[in-house]
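You will see two complexes here that share subunit A, one where it goes with subunit B and one where it goes with subunit C.
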Partner chain A sequence: METIYTLKKQDLKPWLESLAQDSDVYVPARDRDNSLVDFFNLSEIKDDLGFGQGQEKRYVLDLVEKTKRSPKQVMYPHWEDLLDFSYEKDPENIEDEKIKLSVSQEAPNSIIFGLKSCDCQAIAKMDAVFGQGIVKDPYYMKRRENTVLISLGCDTVFEDCFCTAVGGSPYGFDHTDLGLMEDGDHYVVFVYTKKGNALAQASNSYLAKADAKDGQDYKSRMQERGRKASEKMSSMWPKTAVEDMAEHLNKAFDASQWKKVSQQCISCGACTFVCPTCYCFDIRDDKDNRQGKRYRCWDFCTSYLYTLEASGHNPREDIQKRYKNKVNCKYNYNFQRQGHLYCVGCGRCVEVCPVDMDIRQIVAAVLKSKQP
Partner chain B sequence: MAKKLTETIIAKAEELFDQVEVMAGYSKGSNPLKVSPCFIEKKQDLDQLIFDKLCINNLATYAYRLSKQVKGNIGMVLKPCDAKAVNQLISEELIDRAACKMLVVGCAGVLDHQKISRHLGGARVFSANIGPETIEVETAEGKKELKTADFYADKCHWCSISDQDMGGDVFVENQQKLQAPKKDRFEDVKQLEKLDLDQIEAYWKDEFSRCIRCYACRNVCPLEVCQDQCIVHLDFPNWQSQKVVPSENKFFQLIRVMHLAGRCVECGECQRVCPQNIGLLKMMKKMNQQIETLFNFTPGMDVEAKPPLLTYKTVEENIEEEELI
Partner chain C sequence: MDKTNIVESKHVMAKENPYLPSVAVVKKTIKETPNIISVQVMLEDESERDSFSFKPGQVAQLSVFGSGESTFVINSPASDPSMLQFTVMKVGVNTTAISNLSPGERVGIRAPLGNWFPCQAWEGKKILIVGGGIGLAPLRPLIFHILENRKKYKDLTLLYAAKTPDDRCYKADLKQWEASKDINLAQTIDTACHGWDEEVGLCPHVLEKMKPSPEGTVAVTCGPPIMIKFTLEVLKKLNFDSSHVYTTLERRMKCGVGKCGRCNIGEKFVCVDGPVFSLEELEKIPEPFI
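Our next item is the complex of A and B:
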């Protein structure tokens, strides 16, 4: 789609608020009380949200900083009910007991605003997990279908960013519905999909169409901005092409290096839960007497319990095996399965790690151990 | 100064190394504001060791793990406050005193790199020069000079054991003395207690609405040694739901607090590692305050002392017994 719009900065607030009337709009905001940046549902914090500095509100819209958690929970919540169940006795024959099942799922219309390109890439990878193959995940897919993604080009390189090293770019708008570029007193809005087009057309009181000449100008400026932002980020794996990584990791499966690099891991789930592409879950029941709910909740592969079998045997008993699996899952197994890495270089795992494990350095160290 | 201290630590570690199979210490981190725990198995690798004001991690986290993995003795570089955790493990007979060689280093206070990073807005840091008065950092946004005193780990503000050997095998004296300004240890607890119950309830609900149940707090704790068999994950009985809701999150933390009663050494690791900045240490401090008043006991100070909740007395001095009718 070639249509390009502009949005005045002062119109951002009314635009988002108008969108929030029939959708859940998630915006990145800093919570002053605990200095965390996260995606918040606009209608939940509307009265406490300031747009811009200098306002004494609890939350401030933050379009620069990377959110601490990834936006994956909008479509793939930390836990969700899969079904309700109850055991019911047949009054005619009390020996006979039937299980009654019911499914109820909410999938509200959602808009995620202010996504960084890494997070957008990650959502595309989640789509591949839940939406490809013989069985599609109805819970995820229903939410995903009702979600519109609005990205914002990213000009700041944070401490742990490395998107360019895994094939991304700060202005990579390839999986978004609408892409925004900040430009002086307004935002330039690029439309990429039908969903995005519909949203832009419905927002015509806030978005103004750019003419063809301006459009060309914006486009080339966007490319230039993207190139500059990419340059700022130095690649961590200059010598190994992303395509070769899977092969290298296969060769390095028994490398002695694994023990050394994983020894400090304390087996917590911090990296997994902030990761935008980790998708493993556990299914459990909360049962109260004769009725209950079956739900799924995020699981983490660094946990001892992740592979513990009913017999008591645990194929990944020590952290070395678990961590090796984690790295291979992201850079090897899923590359072979889906054709792309399951890491978008957002660096959240590096940032939150309690014991300073840096997955970039770890992968580099393992690869090096196998090279001549 | 830091360089000389590091050299002394390496020299002492070399002396100790013949007795141990692996030595846990600090090495250069992934960025100039972080240090990384390291495990040294060969004597010639000891020169990786560093020690400076950024060594905030409590390496006692690895004491129990390593003692299960390694057949021989383990060696550890510890600050006096970290040594408290090892002492507590020893007094609970979770690790063997003789199998753990403690290299205790006098401490001038450690800095919380997250406080610095937050202050810098997460900008990429190219170099950091840390002095007793100022921190000079070079970031992607330019050079900045910060006041060291603003960035100490909370626990340093009420530390009273920074130059004690804590019963370790080797003690390395630090020429610099503790520089963190003094603060009241229970200040935040007192602030919270001034509120009425509804407000306290609301405060914790707000805090625990952020919890993502990553279990970093539990796993980093040097004293929570049963994390692989933790009751919060049990299916039968299903004590704790895995649903991430404030009430369940709070329940999980209360389990932690109860299981650490009379054991927690307030190293502050749980709060430091929390990705969601939840003020967990307040709960621990409140519990410790109770233990101190009731049993006159401070965990980790004396390996011979029996932790009060691992023993019993027929008459407790500070607990009034209800009369039996």
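Our next item is the complex of A and C:
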């Protein structure tokens, strides 16, 4: 879509606050201990984080820093009820106890502000898992349909970033609804989807339409900035031949390097927790007396319990097998299933790992071992 | 296994919410061995029951509400989908809850899930079935299918292995099959015991001794992982072609519809690409399937 708007920087917060009247608006903010930046619900931010007067600086709306976690939990919460059940006695026949099942699902209108292009790419990959295949996932899809994504182009390249190595780019706005470019005392707002268009039109007291000439200028500047940031990142971490990764990893499946590169892993799951594309879950029941619920919660494949069967048999009993599965899932298996890598190069797993494992180095080491 | 199989499978997919189970009533429980029981259940809703169908090899998520869901193959004849039987070894929380069920109690069923044995493609062939312990369960509806369509297949042979005579499942079936001309039944137990006059020895060894001809034969095996591993090795040694050898696999499944990521073997999901695989397919996956 061609329409381009501008937004004064001073209007950003009032705009988001106005949007928060009808939607849950998630924005990057610093937590109470000032220790991390994460996505928080704007209307709950004061209660949750103890924001008082004069603590506005905790909002990180310019988002030069990277959020610790990805925004996936907005559409795919850590825990989510799938159904409620209750055992109910039949009044006609007291011996007979029936089961009543019900589903109540919340899918509030949500807006996520401050995603980076890697986050948007990741959401597109989540959409493929939950929205395609033999059946759609109604819980995810309902939340997703009600969510609008507003992202911000990246000019700052962090040490852990490597989106260009896995097919992304710092100004890759292709899966966002609205894309923002910081420009002096204002933001340039690019509209990409119908959802984005509707939001922009409803925000006419904050957004001003750019005329055609300015629009053209903004567009070429955005492309230029994207090119620059991409170049900078590519120089730090060279582009991988994405299409060949699956084949190379298949060939390297039995490489002896796996043992060495995976032995550090302590199976803590932190990488999965912050990863924007990790989507695995467990389904569990919780019962209190005669009623309860079935819920799902995130799960992680480096855990011993992940594949442990009730019989005691475990197809991936050692960390080498589990870590190899994780790497292959991201760069091989999902490429074969979905046609794209399940890594967007956000670098969160590299940053969070308590034992300093770097998936980039690991993939490189394994692939190198198989090269002639 | 071509993927069109999966698309045809309707019941769960027809539901808007694939996680919402159908309620079923326990009709009967059968003690198979000291730690294995079979439960027979019937879908509570009549219209659901009437429209339900499955194919030999397909699985279900069976749940006792409050304990959780686990995956089991539907092991009753597919020709009568009004009553569904599951066989469970009491090893964990959910299998214990299932083992404790009594007639009249309610369970949850999400079914049918996964693919099935390509029975039609096997018509005109000899069928060799090798089962071990509770691994006879997924093979049982296949055996019934062949017996019900006996003329469409050539020789049907079942080699069934168990630790002891007591550890054999479906003893009533075995007795019938023993007397039947439609099926050649061989049974073996791990170590000799009083009153046992059939084979003694581990399943792969007995199979090797039997020397079944690979000519025009499809071999299907299921059992404990270690048994599958060595049985497949023996079949290869006997010159069975990988495309004519099938097995049905198990992983710790959760969603059953290819979302939760739990049951992958390499790039395949056991819940949608399996549980039935040909050895040819499995040999293409770098990750070991046992």
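In this text, the second predicted complex is superposed on the first by the 347 of 372 C-alpha atoms of A that agree within 3 Å, B and C clash if a C-alpha of one lies under 4 Å from a C-alpha of the other, contacts with A are read in each partner's own complex, and residues count from 1 in each chain.
To be clear about the criterion, contacts are C-beta pairs under 8 Å (C-beta built on N, C-alpha and C of every residue); 3 or more make two chains touch, one makes a residue touch a chain.
All of these numbers come straight from a predicted model, not from anything done at the bench.
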Notebook entry, point to check: Overlaying on subunit A: subunit B and subunit C, fit or clash?
Noted result: fit
Next item on the list: Scan A:159 for contacts with subunit B and subunit C and give back first, second, both or neither.
Entry: first
Notebook entry, point to check: Does subunit B (first) or subunit C (second) touch A:325, or do both, or does neither?
Noted result: second
Notebook entry, point to check: Once the shared chain is lined up, is A:295 touching subunit B (first), subunit C (second), both, or neither of them?
Noted result: first
Next item on the list: Please work out whether A:333 is in contact with subunit B alone, subunit C alone, both, or neither, and reply first, second, both or neither.
Entry: second
Margin query: Between subunit B and subunit C, whom does A:309 touch in the aligned arrangement: first, second, both, or neither?
Written below: second
Check: Does the superposition put A:96 against subunit B (first), subunit C (second), both, or neither?
Finding: second
Check: Is A:116 in contact with subunit B, with subunit C, with both, or with neither (first, second, both, neither)?
Finding: neither
Notebook entry, point to check: Now for A:282: first (subunit B), second (subunit C), both, or neither, which partner does it touch?
Noted result: both
Notebook entry, point to check: Once both structures sit on top of one another, what is the angle subunit B-subunit A-subunit C taken between CA centres, to the nearest 10 degrees?
Noted result: 90
Checklist line | Minimum C-alpha separation between subunit B and subunit C after superposing on chain A, in Å | finding: 5
Check: Common interface residues of subunit A with subunit B and subunit C?
Finding: 282, 284-287
Notebook entry, point to check: Which of the residues in subunit A come into contact with subunit B in the complex?
Noted result: 33-36, 65-66, 68-69, 78-79, 157-159, 161, 232, 260, 263-264, 266-270, 272-274, 282, 284-287, 295, 297, 300, 303-305, 318, 350-352, 354-358, 361
Margin query: Touching residues of subunit C toward subunit A in the complex: what are they?
Written below: 6-7, 9, 12-13, 16-21, 23, 63, 65-70, 89, 91-92, 94-95, 104-106, 108, 224-225, 250-252, 254-255, 257-262, 264-267, 272, 286-290
Item checked: Interfacial residue positions of subunit A with respect to subunit C in the complex -> 82-83, 85, 87, 95-99, 101, 103, 129-130, 133-135, 137-139, 250, 253-254, 279-287, 292, 294, 296, 299, 301, 306-313, 315, 325, 328-329, 332-334, 336-337
Next item on the list: Show which residues of subunit B lie in contact with subunit A when the two form their complex.
Entry: 29-31, 34-39, 57, 61-62, 69, 117-118, 121-125, 140, 206, 210, 212-216, 218-220, 227-228, 233, 235, 238, 241-244, 269, 272-273, 275-278
